[in-house]
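Same chain, two partners: subunit A is paired with subunit B first, then with subunit C.
The block that comes next holds the complex of A and B.
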């Protein structure tokens, strides 16, 4: 008789599945990734080989780093839509400055706008409390304006891609893409920062309950400013990597990565409302999106259809995660 | 009288600013006359509709990030439907596109009401979707507009009984704008529906407890926003003669004008007149910069910076109005 009181009611399968998804989001994500690869293999037998994997990794890495920017900003309840412009600016400045400057100077010049835009974003969001979406959209418009003015001044000097970035972007070492030399430390640093350092905990704290964080002595604006500067820096580095991969400097180089980077972080289980998520899921999310893009290319889906799909993915996944949290 | 001034103080101040800017324009360019005013009105047209779309949603306590994408989609739809079609066919195209805006806007509202995902995420997702749909309709700028539609925004409106010199200051574009906006806005404002929109924006819970069907009113607000955005898209097609699938800078501009126009981003306050005057102010600043022979790209930077500062200022006022330590 009393056993029914003390024993918890056996949860239904659906509930257990939901709880499982909420506790270990990585496992269903990896399963989804494997399913996608399997579909690809069925549609084009023999496509999945060593070269394809290296190629997928090459394209997934810039996306994953940008999605890292989104993950960290989303943990605080924000978003950074300026990453595309920042990456483009760094790439374009690097490619044009390397012609007349030595690499170190060119690198510093390329990272300068990244840090500046990050700083302005951080001050706008942290001090003036502008909604991050509006703020980063605004700075990205201003950044694009600056880039257009800058392009006029360097139109005569031409552009070139430094050998080092070429090597980093497209080279292979023992079948592994060289971009991993950059990505593995960056990813390790992000994961370490989020899980093991005070700064990482502050990000979760601010996103989970800003008021509580503030009352326990967190300097909100300092955390947010540092966060957006880091996000800008990462986006700038991604730009350098991406120019080595694409090899054609243009004024809209990294723009197509912005929407997928948001989608990758959302798919990876990071809550767009803040406080929940992590970088490992985002990496898998970036891989899923890259494989999905290959799949859609094979199915000859036009760019417009892809964007529609990404939009629905963001909406559906957010709604699903919301249900999972409400159920608990 | 004092009460009127206090209530309309912000709008009156904006109007004074606008007059001041006109004086400045005359000083810079003594020849600035009715013809230039006509082209200003034409340039304002799409912005004004974008701002109207944003205003109604902001008053209802939300935000619509899909405004610019909605305008792009409706613009390309109209342009591709009118391409190669007869003049009379446009009589069918206009209501069709407006209905499309209304339905897609309502869909935004329904998604927010049903999924309970915050408006900012839902409209971000629909921003992706509408952008993708616009690319599917036309993958490059193209299409056409009916001649009588194009003629409807060029030139001046002959008004009987008005002297020619005064008539020259009444461009058709301005008349069109005023008619389209206020035919919808004035009946709405004095109706129960309009009151409900203000009510849910000012305090959703209180509105719900007073018997306002919150979900339904929100859907209506988004539907009207979609309708205004469709007007904006049509005006884009009409004034350029083609449709472009890439959204213009209307999202940030609409938010900036809403803030500058005295509509609180929290909702429940303000009207349509302020934001519309604010659009004229922002456009006139651009005209002045152009007249001062400043590089158009630099103008874009200055304009972007003004909009970001305005939004920052608006957000700053919101924090000042709150008790210390409260979350936004």
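The block that comes next holds the complex of A and C.
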């Protein structure tokens, strides 16, 4: 009779490897990170030392926290584009209020807009069902506007960076950046929240199938409002950390971190459609982006070329990663 | 077909088909051979691999091993389009229309001719389909019919129907059977998957039985073969408990208190529900019988707090309630298992998270989860419903029947006092069905109650104490299950009076509104 078509043998090495990676999505990311560091070391022998690592961590941490905001909102199928503005506002208010307020009051004043913007985002998305992209973009613009008005009122008083934030942003303890004192608990809390608390479960459930969550008794607006308030808070804290690192308050301080924070979450395997992802991947994603930036910097390319390359690499990494962890 | 004189060449012949998903062997060694003009049943328990085989035959997924011959020629069906060119067309287990597009755009997308499609839709018992309607807004049963019509419209040589009838009420299912039978008579072949033996014996010539991913036998369908098939499917005998016997036993200890658990009066909702009144007692399983679109969907949704009724009252334990959100109903102990499982499941999440979802819903439950306790509760519900958890990491990887079980297990784990089950056994195999009947009776024995809509009339006698018949948005009759043989139920569902025992022509246009209230 006719010839038979025998399809490929099951469980070849490649497939097994793929399966292994699909089950542990962190591993390919960590491998990528190591490869990038290795390339860096080859291009500039000796660059990868203790100081470089501490420095990379310092810059990766604010990005990673903001990417945490993106991870959590993306799990529900949302996004928070206001994190940059929120971080900038907290930083700016802190730096200007510390001049003639006691630190606690300055801190509270700095966190106020963060919570407020988070609340408005949450109500807009959760109650009035505005698309999160539009909602957070809107509040972000409004926030920037307010900040400009505010700047004029404090222009005379000047600004300074509180010592504590200096210490947190740039200081080292036994070679470790002090920012880790903030980051480790925050990261642990986010991971714990996502995996082990009812709220975390609801983020995933709501993002995966809102109707199903509703039929199980979940009130969407509650979850979403709480989520965006938390996101605002985290962004505000990041702003304080970031001002300690950058030391120059400006009206667009944290703005350049917004899109990389989204990219870090996506590279880390969180789906922008909701329901899938986690914070560990995001942290590695933030590290990858930070190392990549260093790498492109030492290549001494013109800024334009660097950005183009950066964009391509992000696209490529994300696509490749999805192919690895998606199995059919 | 047993007496087929000519040795025919099979139209489709698959042997040694295997498919692994990592550690999960969905198919190990499946074979299937279909003759021209044959209606061939593909049977097996939930998770046996039926849907996987259908997907492989139609190019939706690739097999790891195996040989597929179409009209004697080896074909490597690499894509659904290739399968279609080879004359193979599937209706998959889950609705295939894109929810955000209207029907017409969906047809264009697949290059389906519109006029034949419309003709088939009418033929299949849906006279007034609005082709501009968005698929999302179409009820599940109708969506299934549209899927079938879409397949029929391109006149395939082999039609593969994966639980086509599972979501259909009796009148629509009947139409489907008719059409399928005619396909067979006109020399086309049909592969027919169903967990309903009535349909298999009425329709099919032969059956291939799968167990754990391997073909364990091919049998001719003849009277009395059912038991043999079940045995092959499950690898063991099961006894069909006539629950009527179990019922009297479990009923005894229930104390009838003064208030009914649920009391519905004059419920109204849009054009769908006009006047629905009934009571549900503690310890009672009440069956709801209705044809497609008589308002049963809306009734269940209203009782579950999912939509707000326009008029009428609902009382729980004698106190009037007004649900504005499903969480209100859940707080009153009323849980809802929707007919469409995609409405109930977070597909990318694990079995465990899906079952435990209601635990975290309330604001005060947002804190840390007691993992050990949760694991225990979930695994006992999983065991109770015999969920095949080999692919439990993501619910979407479970077989259809196992997904369905998860929707029920959730409320068993949550220990709901009243369960509103909308066609809960859809796509569930015979073995587990028995288990679910038993479960419902047990719950009733514990003083819990259930409202049970089913499209499979046979089930009414198995689980229900009482039958509520809905027609045209009204309760037209309620009667004890003793009077509910299938012909009686069928007549009632068509809105015909129960008194007229003689053969009432289906044409008789009687609407006995008088008998409404209990």
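The rule is short, and it goes like this: the second predicted complex is superposed on the first by the 279 of 328 C-alpha atoms of A that agree within 3 Å, B and C clash if a C-alpha of one lies under 4 Å from a C-alpha of the other, contacts with A are read in each partner's own complex, and residues count from 1 in each chain.
Here is the rule we go by: a residue touches a chain if its C-beta (ideal position, glycine included) is under 8 Å from a C-beta of that chain, and two chains touch if they have at least 3 such contacts.
Note that the structure is a prediction, hence the values are computed from the model and not measured.
When the two structures are aligned on the shared chain, A:217 is found in touch with subunit C, with no touch to subunit B.
In the superposition on chain A, contact is made by A:142 with subunit B only, not with subunit C.
By the touch criterion defined above, A:276 lies against subunit C but remains apart from subunit B after alignment on the C-alpha atoms of chain A.
Applying the stated contact rule after C-alpha superposition, one finds that A:49 touches neither subunit B nor subunit C.
Using the contact criterion defined above for the overlaid structures, shared-chain residue A:131 touches subunit B, although it does not reach subunit C.
Contacts of A:173 after superposition: neither subunit B nor subunit C is touched. In the superposed model, A:311 makes contact with subunit B only, not with subunit C. In the superposition on chain A, A:204 makes contact with subunit C only, while subunit B stays out of contact range.
Subunit A uses residues 211, 214-215 to touch subunit B in one structure and subunit C in the other. Listing the residues of subunit C that touch subunit A in their complex gives 18, 20-22, 61-69, 72-76, 304, 306, 325-327, 330-331, 336, 338, 342-349, 353, 356-363, 365-369, 371, 410.
On the subunit A side of its complex with subunit C, the touching residues are 1-11, 19, 22-23, 192, 196-199, 201-202, 204-205, 208-209, 211-219, 222, 226, 275-276, 327-328.
For subunit A in complex with subunit B, the touching residues are 124, 128-131, 133-135, 137-139, 141-142, 144-146, 148-149, 152, 210-211, 214-215, 259, 262, 272-273, 302-312, 314-315, 318-319, 322.
Within the complex formed with subunit A, the residues of subunit B that make contact are 63, 65, 111, 115-118, 120-122, 124-129, 131-137, 139, 245, 249, 251-252, 255, 265, 295, 297-298, 300-301, 304-305, 307-308, 311-313, 315-316, 318-319, 325-328.
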